[in-house]
Amino acid sequence: MAVYRAFVTITLKKGVLDSQGKAVASSLHDMGYGKLEEVRVGRYVELALEAASHDEALTMTESICDDLLVNDLIEERRIEVVTGP
Amino acid sequence: MDYAKAGLRREEFEAIRSALKREPTDCELLVMGVMWSEHCCYKSSKPLLRLFPTSGDSVVQGPGENAGVVAIGDGWGAAFKVESHNHPSAVSPYQGAATGVGGIIRDILAMGARPTASMDGLCFGDAQEPKTRRLARGIVAGIGGYGNAVGVPTVGGKTLYDKAYNDNPLVNAFSLGIVRLDRMASASTARPGQKVLLLGAATGRDGIAGAAFASAELGDDAKASRPQVQIGDPFEEKLLIEACLELHEAGLIVSMQDMGAAGITSSSSEIAAKSGVAIDLDLDAVPLREGDMEAWEILLSESQERMLLIVLPEKVDAVLSQATRWGLECAVIGDVREGDEWTARKDGTIVAALPATLIGEGCPELAWPAREPDDLESRWDFGPEEMDLPCDWAAETKALLASSDLTGKNWIHESYDSMVRLATVEGPGGPVSVIRVRENGRLLSMAMETDPRKTFLDPYRGGAETVARAIRALAVSGATPLGLTDCLNYPSPEKADQFWELAESVRGMADCCRELACPVVSGNVSLYNETSRHRILPTPLVVAVGLIDDPSELLRWGRWAKGDRLFLVGTVASSLSGSEYQQHRLGVLRGRPLAISFEMEQEFVDKARSTAHLQLARSGRPIAGGGLAVALAKETHQSGTGALVHMAVPTRPDVLLFGEGGPRALYAVPAQKLEAFRKNWASFPLTEIGIVGGEALHIRGLCSLTLAEISQSLGR
Amino acid sequence: MKVAVIAFPGSNCDDDVVQAVSDVLGCSVTKVWHRNRLDTEPDLIILPGGFSYGDYLRSGAMAARSPIMDDVRREVRRGRLVLGICNGFQVLTESGLLPGALLTNRHPGFLCRPCTVRVERTDSPFTGTFREGQVVNFPIAHNEGRYYLPPSDLEKLEKDGRVLFRYCNDRGETGDDFNPNGALNHIAGILSEEGNVLGLMPHPERSSDILLGCDDGILFWKSIQTWVERR
Amino acid sequence: MAVYRAFVTITLKKGVLDSQGKAVASSLHDMGYGKLEEVRVGRYVELALEAASHDEALTMTESICDDLLVNDLIEERRIEVVTGP
């Protein structure tokens, strides 16, 4: 068993209203950032987990995403797993 | 395109063809498919809804507009309605529940009313199931997440758990707003020459055909319903509320309409039909979130936080600039003309041209066969003698108190802002919720009730009992009922016994509304709440709204003081059939609930109201779920003092303590009011049952529960 | 006394504050939309509760960067009183007018309920009519109310006596069980260095009318009025 | 001028209690994920911006973070900038 670290980035699917991104973009525009074209706001989750292999760590992270972290209807995820605590 | 793909039946398709005298286009078929879905046109329930009494002294607007309106004095009115968001919440609990709250608030807003208070009715599956916990958490978070941010307090609600809701949790959202009666908005005031504007969020692909989806049974793989979920943005909604009220106040708009199910189509065609005008829509002018949307997608999108406005041409610029001030998008998307056609153009060509009245009112009604369920008699087959008397009454009472239906709701209502707007006189957790109407100094009392178990056992009696419960609660608080809104949550109407249950329960509700002079002013129907595994219990939910002219006429609860005498009004022998106790102890649902006596109900209402108005009691609580024992325990807990209860037991003690049904209440009366109180209730069953004092609820001969034990069982 | 209440898009306690203050003090209270400037010279500026800019990104972050906050800063320098309630407190920390940050509650999730706090000192512009150590009921309603400040700064804040309200039980005792959100040192409200800016998580305006359950807030508004009139 | 995409990951500093992370971890434990050691929850922001060079895009992103996206008292950031829309 070794310790792995998984980094999960969760963003809204294209076409789903990103109200946070919209609000942040318009604030930044008001603050003078005219060259900003788009802002999308998502979530980021870091997990430390014990697994027998890199693959097992990845599978576990996938299933954690399915079970709790990600709402498939509207969100998509990107997962990266590295070795070490 | 095949009409069935659009969700139409053959006879519906024929009706469209013969009205048009031509073949409908694909776009028209899709539009009609959604508009003639159960959710939008009530084709299965319309004949039943006609049973409801809809007029009365206080009714200013009955069913037919976005919300009903009752007069509350001094030229002010209360607009209110309850609406279901069951299917979306089953698929996507947070977003489904959140957009349910957003949607009902816009219905209130569309009447020109300032949304002032919300309530939520929730039915969840088996409390022990992990799936239930996940759904419940998501749904509650969604209601709070939306309601808290828009600044409309959630002042109460109702939650129950039963395995019948495992696959189909119910989310019924109620909202009430205050409106000046001479400034009410209406869908029937559009005139030729005026402009059609779209205010609020850009239109995207979310929730397309959501209405049709809400009218079908949920597939076993709910994830397949993906694209139909709507996403809410309470921030945008808050701006929309303020903008619309400001525009309305400034006299800049002629009419407004929220965009709920079927979005632009339903809102614009409804105005056209109700106002007797034609409307031309230019879909190229609709601000889109995604560029490549098809005409039908734009027409049917259920993107949230949008309102349709009808504006005089000379006021358009003013409206557009106000919108900018609020940071909202606004565009002119059409014209009002003479005639009765509803047309939509895209890229210069007409994609749909339909008679406006056909869209909203033309759907042929469905008359499903009704048949009394074969097992009805066996549902009634129950006698209390089937239940052993508990050997430890204290343990039994504590366990009942701790059962999920009666208690442990703090995690729910503490996650809602119940106080914003400074109107909440009595928030969540009591038998009614009470708000102050600052505009005229009066109070409104609201009671949400549903009793699906009794409704299942005897639909007529259960339906009547549901309405009666709400009215009793109002009366005990001192309120005069003004009107009622209902949400009819049922499984599929296409099975004869299920349709019979629907019809009978509506009949029971309607009779009770009529006899107790509480007209139905708005409502909603949600059918097909079933899957191959489960079907929900017949679940009519009502919210009755009542008026208290002066705050001194409000009788509160949980206010016992030492030395007060306790009285039970109403029968001592009610029924265990369909009670919380039966459910909790035996886990069965059997027996026949009590029949309703409207004369007795009316007498109770009158006497309860005078008890409050003449301040004859210190504390009053209607007896509902869990019976007398639970009413006593809750009063003890909230008052922070015990009582000695001593009463003759003419019947089985479990029936006395835990029985439900019928007009009953528990009062605490101070010594100097005893005589007047007794006189007030003369000729009605009245039993003095004890005296307030001590550190425990002591029920002589049965049990004694300390304050600490009660609080602990109640989970707070 | 003149009071200005600043409304950001998404504020939702702005009307409540206007109502409570004008009911209790009978003074003129004006609501100022964030896009307008603060040109009158109010004795008290209130940043109300709510969800400014949807509370997106971080609560208060976007409101803190809106131009009207420059006007607020100017008035702070001139010694005017500024009160941030709930979301207004978050705006004040985000804009640097008060130190620290308000983090997601110890148990994440919105929490709305009556709440008892202890008045730590009575020589501030906001608390003159209270008794020292008095326990008052100001309801809370927030999801991000956990006050945080790095340890050394916190020590200094305490030493300077800038903690004005602390969560406690109804006998005035502090403890984790009576701290609704996990705020460090049970902090519910703090003062700026000059003492004219107050950030407060609980809502005194919700406690200003006995019909709604409690009126401890009346003393709070009277304190401010007394201080302003004495000056 | 070209379009760049910046990815910003924002997490709470070590030493600041991450109550959301803790809540997620405890939910996951309840759901049977026993091998999970730590969860941290943060934010993820994606920006599309116009700049003359990669460096300018990076500088602009840094300043957007300073000005709005990140609260230095409690949070730390990681930025990555790539070319293309």
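Letters A, B, C and D name the chains as they come in the text, with residue numbers starting at 1 for each one.
Criterion: contacts are C-beta pairs under 8 Å (C-beta built on N, C-alpha and C of every residue); 3 or more make two chains touch, one makes a residue touch a chain.
A quick note: this is a predicted structure, and the numbers were derived from the prediction, not measured.
> State the smallest step count from chain B to chain D, taking one step as a move to a touching chain.
2
> Does B-C or A-B have the larger number of C-beta pairs in contact?
B-C
> Using mean C-alpha positions as chain centres, tell me how far chain A is from chain C in Å, no decimals.
Centre separation, chain A to chain C: 34 Å.
> Return the distance between the CA-based centres of chain A and chain D, expressed in whole Å.
9
> List, in ascending order, every residue of chain A touching at least 2 other chains.
Counting only residues that touch two or more other chains, chain A contributes 19, 23-24, 27, 31, 41.
> Residues of chain C touching 2+ other chains?
Chain C, residues with two or more chain partners: 53-54, 56-57, 62, 65.
> Among the residues of chain B, which are close enough to touch at least two other chains?
Within chain B, residues 233, 235, 327 contact more than one other chain.
> How do the chains pair up in terms of touching? List each pair.
Final set of chain pairs in contact is A-B, A-C, A-D, B-C, C-D.
> Chain C touches which residues of chain D in the complex?
Result: residues 12, 16-17, 19-20, 23, 43, 67-69, 71, 73-74 of chain D touch chain C.
> Touching residues of chain C toward chain A in the complex: what are they?
Within the complex, chain C contacts chain A at residues 53-54, 56-57, 62, 65-67.
> Residues of chain A touching chain C in their complex?
It is residues 19-20, 23-24, 27, 30-31, 41 of chain A that touch chain C.
> Mind pulling up the chain C residues that touch chain D in the complex?
57-58, 61-62, 65, 94, 100-101, 103-108, 146, 148, 150, 182
> If you look only at chain A, which of its residues touch chain D in the complex?
Going through chain A, the ones touching chain D are 3, 9-11, 24, 27-28, 31, 33, 35-51, 60, 64, 67-69, 85.
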